[in-house]
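Next come two complexes built around subunit A: one with subunit B, the other with subunit C.
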Partner chain A sequence: MKKLFNSQETMVDDMIDGFVAAHPQVARGKNDKRVVVRRKPKNKDSKVTLLIGNGSGHEPIAMGFVGEGLLDANVVGDVFAAPSADLILDGITEVCGAAGSILLISQHSGDVINGGAAAMLAEEAGHTVKPLFMYDDISSAPKGEEAERRGAPGTMFIYKILGAAAEEGMALGPLLELGEAVRDGTRTLAAAVSPGISPLTGQAMFSLPEDEIYLGMGVHGEPGIGKAKYGPVSRLVETMVAALLEDRPVPEGERVAVIVNGMGGTTLMELLTVYRETGRALASRGISTVAPMVGTYVTTQEMGGFSISLLTPTDEMLRLWCAPSDTPHFPAIKLD
Partner chain B sequence: MKARRFFEKLEALYGDEQARLNELDAAIGDGDHGSTMLRGLSAAVKAGDGSQAKAFMRASGGASGTLFGLILHEIELHLSGSERSLAAHLGRSLQRIKELGKVAAGDKSMVDALEPAVAALDAGGGTSDAVSAAEGGRDSTRDMAARRGRARYVENAGKGHVDPGAASVCLILGVLAGEEEAR
Partner chain C sequence: MGQKKPEPQMPMYGVAVDQGSGLGAAIAEARGSEARETDLFDFKKAVVECLSRDASVLLVDAEYGRELLPHFNPACEKLLAYEADVYRIATSERITVLPDNLSVADYAGLGVRRLKFFLYYAPRGSAETNEKKHGLVRDIGRQCADHGIEFLFEPIVYDETVTDSTSLEFARLKPDLVREATAIYADPDFAVDVLKVEIPVNLAFVEGFGSGEFDRGWALDCFRQAAAAAGPIPLVYLSAGVSFDWFEQSLRLAREAGVNAAGFMCGRAIWSDAVAEFGHGGHARLTEWLTGEGRRRLERLKAAL
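Moving on, here comes the complex of A and B:
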C-alpha cells in the first residue's frame, strides 16, 4: 500500500504542522508540540475548558474540533496509541484556569489509565480538572454493563453539546451532569466492510471475506458482536436500528438526533444512503429524526464502514447541538 | 540530587535485568516488560530535576508505563525533600494504581508486591522491611491466576510464572533501600 508520509518518526508531527498551518482557528500549545489549542483562547478563569487526548490516525477527530464553541485543546498521541499521562498533563496545564477543566476520555484501556492518571497528577498540582468517561458502543459490553463499553462516534454529541454550553458560561458541575445525561441518552453501533491500512506496518488491520460485514467492530479493529452476510443496505441498517432500539428503547412519537459516521473509506454517496435507510427504519416505528450529522469524522485510515448513533435529546441538548461553532472540521448542524 | 542518583542506579540495574524480565513477561504477556522499563528509565536519567518520572511515562508509553510512572513519581517526590513519609507517597501510588488499573491484591500484578510493601511501612518498618514484604508478595504471584491484562488469556492464566510487574516493584524498592542505607 502506498502511503504518503516522510517517515514513521515524523508522521504525526508533520501532520500537526500541516493542520495548524492550514487552519486559522488552531495553534500548537506553548509547552508541548503535541497539544493543539485554540489560536484565540477565551479567558480560562471564567470559562470551563474542555480537552481530550487520543491516538492519531483517526482524523479529523479530535483536533479538527478544536475551536470556538467546541474543544479548547486536543492532546495528540502516536498513531493508534493513547497519549502518555504526562503529555495529557501538559495539555491540562495549558488550558486549565480558575474555572476548571473537563478531560473527556473515550473509553479504551490506554486512554482510561493515561487520562485518569493525568487528571490525578493535575489535581495534585493544584488544577481543578474532572474526567468524564464516555461510552456508547452497544457491541462492546452487554446491556446492564454500559459503563464497561467503549467510546464510539456517538461521543461527538458530548463534545459538541458540552462545548456549546461551556462557551455560554455553564459551570463545571452542571457541565459534568449534562455530559453524563448526553452519554446516557446515546447509543452507537458500527458495521465494517473493509480494513484500514496501518500507517506503521503498511498492512491491513484485519481481514474480512468479500461477502461478509463485521457488526460492532471498534475503531482499532476490536472484535464486535459478529459477522453478517453482505446484502442490501436497507436490511443491514434495519438490523442495526433494531439492535440500537432494543438496547435503549425510544417511545413512538419521540424524536432522535442521528450521527451517521463514515470510517474513512466509505463514500458520502453511501453514507447518505445509510442515513436515508436509518430515517425509514425509525419512521416505521413512529420515531422522527432531527438535526442529523452525516459524514466522515471518526476514521481508521481508509477503513470501510459506518456507524449509526442515536441520541434522544432534551430541548436544551438539541439547542446546544445546533449552536454555531467555528472549528476546522465540525459541520454546521441545522434544525428543520 | 538523591532522585537523580536513584534513577541512575535503577537504569543500571535494568540494563542487567532487562533480558530476565522480558523472559518472565514472555511467559504471560508481550515479552517486552524489561525493554519498556529500560526505555523509560533511559529517558528519565536524561530529564531535568523534578520531571524524571514524567519523562519515564512518556518514553515507556502504554498503560503499564503509566502505572510504574506513578510509583516513580512518588519516589521522586520523596527523594526531592517532600515532607510526607515514604509510606504516604507509596500508599498514594498504590491507591491510584488500584483505581486506574481496576486491579486488587490477588489478581497477579504489581499490586501483589506493592501492597505488602506499603503495609510494612505503615506498620513502622523500614525500607528494607518493605523490600522483604514486596519479595514475599512477588513470590506469591507464582501460584496466582491473572484476572487483568493479557495474562488472562495464556495457558492456566499464567499460573506457575512470577508476575514481571511484581518483580519490577521489588527491583525499584531494592534500589531505593540501597540508597536509604547509603545515606
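Moving on, here comes the complex of A and C:
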C-alpha cells in the first residue's frame, strides 16, 4: 500500500504543519506544537473553552473542528495513540481561563485514563476543568450499561452543540448539563465494509470476506456486534435503524437529527444513498429527519463503511446544532 | 461491572512477540533488498503459528495483535499488550504511550482474557513522575477488574542517575530496584494479577557466568529477595533482551534459589536468531527454524524452570 508520508517519525507533525498553513482559523499552541488552537480566540476569562485530545489518523476529527463556534483546542497524539496526560495538560494550560474548560473525552480506555489524569493535574494547578465523557456506540455495551460504551461519531453532536452554546456565553455548569443531555439523547451504530491500512504497519487493520460486512465496528476497528452478509444497502440500513430505535425508542411523530459519517473510504455517492435509506426507514415509523450532516468526518484512514447517529433534539439543541461556525472542516448545518 | 476474571493459568510458559518498530528495523536490515512492507507481520504470524503449539500463552502487540489472534493454536492463551509501540517512548519521564485504537472493554470481544501493560519505572526516581505512573497502573488495573480481564504488569526498572543499564554500577543497583518495584506493584491497590519481572541480576558480572564481581551466593539471595517482594502475586520472568543461553541459566538460578516462579515470558531470547534465518532464506527457512530450534528452546526453558 502506497502512503504519502515522509517518515513515521514526522508524519503527525508534517500533517499539522500542513493543516495550520492551509487554514486561517487555526494555529499551533504556544507551549506545545501538538496543540492546535483557534487563531483568534475569544477572551478565555469570559468564555468556557472546549478541548479534546485524541490520537491522529482519524482526520478531519478533531483538529478540523477547531475554530469559532466549536472547539478551542485539540491535542493531537501519535497515530492511533492516546495523547499523554502531560500533553493534554499543555492543551488545558493553553486555553483555560477564569471561565473554566470542558475536557471532552471520547470514551476509549487510553483517552479516559490520560484525560482523567490531565484533568486532575490541571485542577491541582489551579485550573477549573471538568471532563465530559462521551459515549454513543450501541454495539459496545448492552442497553442499561450506556456509561460503558465507547465514543463514536455521534459525539459530533456534543462538539457542535456545546461549542455553539459556549460561544454564546453559557457558563460551565449549564454547559456540562447540556453536554450530558445531548450525550444521553444520542445513539450510533456503524457498519464496516473494508479495512483501513495502518500508516504504521502498512497492514490492513482487519480482514473481511468480500461478501460480509462488520456490524458495530468501532472507529478503530474494535469488535462490535459481529459479521453479517453483505446485501442491499436498504436492508442494512433498515437493520441498523431498527437497532438504534430499539436501544432508544423515538415516538411516532417525533423528529431526529441524523449524522451519516463515512469512515474514510466510502464515497459521498454511497453516503447519500445511506442517508436516503435512513430517512425512509425512519419515515416508515412516523419519524422525520431534521438538520442532517452527511460526509466523511471521523475516519480510520481508508476504512470503508459508515455510521448512523441519531439525536432526539430539544428545540434549543437544534438551534445550537444549526448555529453558524467557522472551522476548517465542520460543515454548515441547515434546518431545512 | 466487576466481571469475573479467568482462572490464572499456571505455569505460564510464554512466548512474546509484541515488539514493534525495533524488530521491524532488524528484520528490514536482515532482509536487505528483499525487504517488504509485510515482513514484520509475516514474521510475527510465523512465530504465532509455530510456537503457539507449545507455549501455554503467547503475547502479541496492540498494533498487529488483532490480525494475529486467528492464527493462535486453540490451546494457547492469548495475551494482548495494551501499549502503543514501546519504542516510541521518547519523553524523560518514560511513560508508556497508550493506544487509542484499543480499549480494555474490547478484550472480551476479541476473545482475549489477559492484558499485559509495560512501564519503565525508577523506584528511586522523581516522586512526581512515580505518582503519575502509579495512577496510570491503578487505572488500568481498575479497568481490568471492571471487565474481568487478567492484568499482567511488567515494570522495567531504570535509575535516573546511573543511566547505562549494562554497567557494573547498574548491576549493583538492579537487584534492589527490581525488588522495590516488585514490592510496590504487589500492593493490592494496583489490582495486578501477575507480575512480569526482570531477572534481578546481570549475569555478565556473576561468578561462573561473566566477569565475577558478584558471587553465586549473592545472586541467589537477589533472586530470593526480589521474588519474596511479590508476596502472593504470581511472578513470571521476562527475558528482556538477554541471550537464550543466559535466560535459560537465569531460570535455573531462580530454581536453585528456591523461587517458586509461576513461569516465564520469553521474547527475543527464543526467536532473535530466526531474524537472520528469515533474512537469508525467507519464510520457508523462518518456519523451519521456528518449528525446529524454536520449539526445542521452548522445551529447554520449561525444563529449566
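Definition applied: the second predicted complex is superposed on the first by the 336 of 336 C-alpha atoms of A that agree within 3 Å, B and C clash if a C-alpha of one lies under 4 Å from a C-alpha of the other, contacts with A are read in each partner's own complex, and residues count from 1 in each chain.
The working rule: a contact is a pair of C-beta atoms (placed from the backbone, for glycine too) under 8 Å apart; a residue touches a chain by one contact, two chains touch by 3 or more.
All figures in this text were calculated on a predicted structure; none of them were measured in a lab.
On the shared subunit subunit A, the superposed partners subunit B and subunit C overlap sterically. By the touch criterion stated above, A:Arg150 is placed in contact with subunit C alone, subunit B being left untouched. In the superposition on chain A, A:Gly97 makes contact with neither subunit B nor subunit C. By the document's definition of touching, neither partner reaches A:Pro292: not subunit B, not subunit C. Comparing subunit B with subunit C, more residues of subunit A are touched by C.
Once the two complexes are overlaid on the shared chain, A:Leu89 sits against subunit B while remaining clear of subunit C. Of the two partner chains placed by superposition, subunit B and subunit C are both touched by A:Ala81.
In the superposition on chain A, contact of A:Ile113 is made with both subunit B and subunit C.
Look at A:Phe206: by the touch rule set out above, it reaches subunit C but stays clear of subunit B. Of the two partner chains placed by superposition, A:Pro60 touches none, neither subunit B nor subunit C. Judged by the document's definition of touching, subunit A residues 78, 81-82, 84-86, 109-110, 112-114, 116-117, 120 lie at the interface with subunit B and also at the interface with subunit C.
Per the touch definition, subunit A reaches subunit B in the complex via residues 78, 81-82, 84-87, 89, 109-110, 112-114, 116-117, 120-121. Those residues of subunit B that touch subunit A in the shared complex are 54-55, 57-58, 61-63, 65-67, 69-70, 73, 96, 99-101.
Those residues of subunit A that touch subunit C in the shared complex are 1, 8, 54-55, 77-78, 80-82, 84-86, 107-114, 116-117, 120, 140-141, 145, 148, 150, 198, 200-207, 218, 220-224, 300. Across the complex, subunit A is touched by residues 1, 21, 37-38, 40-41, 63-64, 66-67, 82, 84-85, 88, 91, 93, 95, 97-106, 109-110, 132, 135-136, 139-140, 143 of subunit C.
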